[in-house]
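Let me begin by handing over the structure; questions about it come next.
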Amino acid sequence: MAISDLTRRGSLQIIDVAKILRNGSLYVAEARIRNLLQWKWSIVGEAVANPMFYLLSIGIGIGKIVNSHQSVGVDGVKYLTFLAPALLAATCIQGAVGEATHPVLEGFKWQKGFFAMNATPITGKQIANGVLLAAMTRVTFGCVVYFSALYLFGAVHGLHSLWLIPLTLFAANSFAVLMMGICAAIKNDDLFLNMVQRFLIMPLFLFSGTFYSLSSMPKFLQIIGWASPLWHATEVGRWISYGHHISHGALLFHFSYMAIMTIVGFKVAHHHFVKRLAK
Amino acid sequence: MKTSDAVLIAESLKGRFAEGTYSRRARAVLEHRRIAFKQGHWIVVASGFVEPILYLFSFGYGVGKLVGKIQVTPGHWVTYAQFIAPALLATSAMNGAIYDSTWNVYFRLKYDGTYKAMLATSLGPLDVALGEIGWALFRGLIYATGFTAIVMPLGIIKGWYGLLAIPAAVIIAFAFASIGMLYTTYAKSFAQMDWVNVVMLPLFLFSGSLYPLSIYPDWLRYVIEALPLYHGIQIVRCLSLGIIQWSLLLHVAYFVVMIVVGLTFTTKRMRALFMR
Amino acid sequence: MSTIGPAAGGKEPLIIARGLRKEYGDFTAVDGIDFQVNRGDSFGFLGPNGAGKSTTMRIIAATLTRSGGDITILGKDPEVRGPEIRAHLGVVPQQDNLDNSLTVEDNLYVYGRYFGLSKKFIHGKIEELLAFAQLEEKRGVKVEALSGGMKRRLTIARALVSEPEILMLDEPTTGLDPQARHILWDRLFRLKEQGVTLLITTHYMDEAEQLCDRLMVMDKGRIMAEDSPANLIKTYSTKEVLEVRFGSDRNAQFADQLRSMCDRIEVLPDRVLMYSDDCETLLHNVVSKGMQPTTSLVRRSSLEDVFLRLTGRSLVE
């Protein structure tokens, strides 16, 4: 069957531009997810193994020593309960950042796949949104698995703790989209990702009041926590999970911080995706 | 026609040790690493010790407040920071070595065609393996020195024995790099490479880095004691806490075995991959 | 099936460029060029490396923003209505940008999805395209396991998934074996017969002569000439060419003497080209002047001679 044996209708007949302008992001996400599905067993394995490792090692291992040393627990609860919302948020934020930045390197630099997409009606904005959507789909899966593990380990209780899931995803999305935008803006981006991992993600993970309350840190280190979406998610998460004390004003602040990060993130990402594609 | 220098050099190696496998020019491979090393990347290497330092501050200080002192040998109590610092050093030696010998090597193996080009010259597979691993060691050395330089003045690592932690870290890096490279030469896909990360995390978390193994049930302790990072942590911890005992040699022996096995089979494998 | 012949009826302009410029920093890659491509044309860009061909192609493809001048594609400004323009283009970039981690079939599928085509349509199309690219047996194979030429064929097939009105091929046959090249030429010719507009860059003069009814020769971001292949040869070269070799050292030595004997000469490292409408006589004269070439050849002028004249650069340099 050669190409000329078929009636050629031509793109003017078969393509609906308005539809692409509407749904382009979904097509991009579909392609990304198709790509990810090749690794589905690794993804499932990681989603299950990661919480197990941390919960067993830090939650239970260190927890055993902590609980024997602190008669009233930490923040009034068992160490594992204290840790749970923070571990959930930390894992999902890291996962989202990785999944939102790695394809940016690949798409702009290694394989140039974004340029292939952009040769079709798909726009830079749609590519950014699609990649993020696929990343968040994966993270949502990981988040649900992690939450289930927390539940099985008795680290969270009750139906209300389900609110941890949307909260965590919101926080993860806010940071991921910002990092994605910055990644698109940077030229020497593999170096950049290394630096981000080392000087941003790691410190945020370690100094956001994840393993102990932020207030027990010296003031100058607390600043890291304030800037970190992880700390904001952790504070709200602890409030949801076991009623950690938090004022209304603080609650509003935490949410506003993450919301602003999201909005700025989208602006930056859209701008730089479009710009870099047209270079 | 005049015989070229390259041929003369190759001829002169005839009949020597490991002819065809090793032409005593691992240095050329190291040099390639140095030249290919992107300008800005020194900062990645130089700052490699930042991660364990951050861990040390975060856990040593914050978690330390929650857990109090730790008993290492009967009657010998140390602060939590003193307890985890050696483990962090050993782990970062492992991480650096593994990263260099797996992901980086994988790219050169599969995509860049670097080794194909190298082995098409008079370099042998052992030159390539040694060169790559040498590079990993160099990084290990920088990490360990940087870490020690920051931690020693804080009194977390004590005494002159503590300085021995640096060569110890290099041995650990050597062993992990040898095995890491061996694994990489067998890996067929990214998915298989991902297993490296999957293994590293629990190795760190469970090998007695963050709390003494005494909290484990016996059977689990035996499992952990069979794993390499446990030995790495033990060496560095004993040296930096001034606990000098014969068992240190046992740990070193463990690593020597890793190195020999890793190098031997990596060489074989490189030969099979490129010189069929 | 209605077939629109090449440039049938009143010529409908699809691409119009006026004073088109592109600068990268302070380097000018495209330096104010004018051209027009009509529906059904097959339009070729020729020029040495770095002439600005790919840059021009990418501006037309609405993926690179111009620095100055005007351009419309299908009557639209690419800066404002990029997606609408790209919906009707099929693009084969100079460098393959396939998704290496997906299979051959999935590459076609996801690309079709970017055009919002239905799954059913794409699946039908995939069969057709695999046949076109002769990759039926490789359909389930990951792209990273394809040979260079196979990747190239897949990239070309991919560009056809949306049945584009305008097909843009940047050095399409680089890396293809002779058979694959001829098959591609045949397919492109049929697409042209069906009314598809072709834009092609190439370094192969035979390809340009086979496929293009109009050629634009570029150098250093400027247009050196634009016409049909036959007219270009007529305008910029003589009927015949005499190629003589005297051995590497002596070619230059005889140059002055040879120059005076004909319209024009080109001294290449390995031979001297002499342009004249009657080369048999010319050769006779050369020999009678006591210059005995080691080899000599009389041939008809080709596009290569035009290229050489216009860009001052040989293809075999």
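Residue numbering begins at 1 within each chain, and the chains themselves are lettered A, B and C in the order written.
Just so we're on the same page, contacts are C-beta pairs under 8 Å (C-beta built on N, C-alpha and C of every residue); 3 or more make two chains touch, one makes a residue touch a chain.
Since this is a predicted model, take the numbers as computed values, not measurements.
Chain contact topology: the protein chains form an open path, each linked only to its neighbours in the line. Chain centroids computed from C-alpha atoms place A closest to the centre of all protein C-alpha atoms shown. Relative to the C-alpha centre of chain B, the farthest chain centre belongs to C. The highest number of C-beta contact pairs joins the chains A-C.
Per-chain Cα centroids separate chain A from chain C by 46 Å.
Centroid to centroid, with C-alpha atoms defining each point, chain A and chain B lie 31 Å apart. With centres defined as mean CA coordinates, chain C is found 53 Å away from chain B. Residues of chain C found to touch two or more other chains are 101.
Chain contacts: chain B has residues 190 touching two or more partner chains.
Across the interface of their complex, chain B is touched by residues 39, 42, 45-46, 49-50, 53-54, 56-58, 61-62, 64-66, 69-70, 74, 79, 188, 191, 194-195, 198-199, 202-203, 206-207, 211-212, 216-217, 221 of chain A.
Taken together, the chain A residues at the contact with chain C in this complex read 1-4, 6-17, 19-21, 23-24, 27-28, 30-31, 34-35, 38, 111-113, 115-123, 277-279. Residues of chain B touching chain A in their complex: 38, 40-41, 43-44, 47, 50-51, 54-55, 57-59, 61-63, 65-68, 70, 190-191, 194, 198, 201-202, 205-206, 210-211, 215. For chain C in complex with chain A, the residues that touch the partner chain are 1, 61, 63-65, 82-84, 86-89, 91, 93, 95, 97-102, 106, 110-111, 113-117, 121, 127-129, 131-132, 160, 162-165, 187, 190-191, 193-195.
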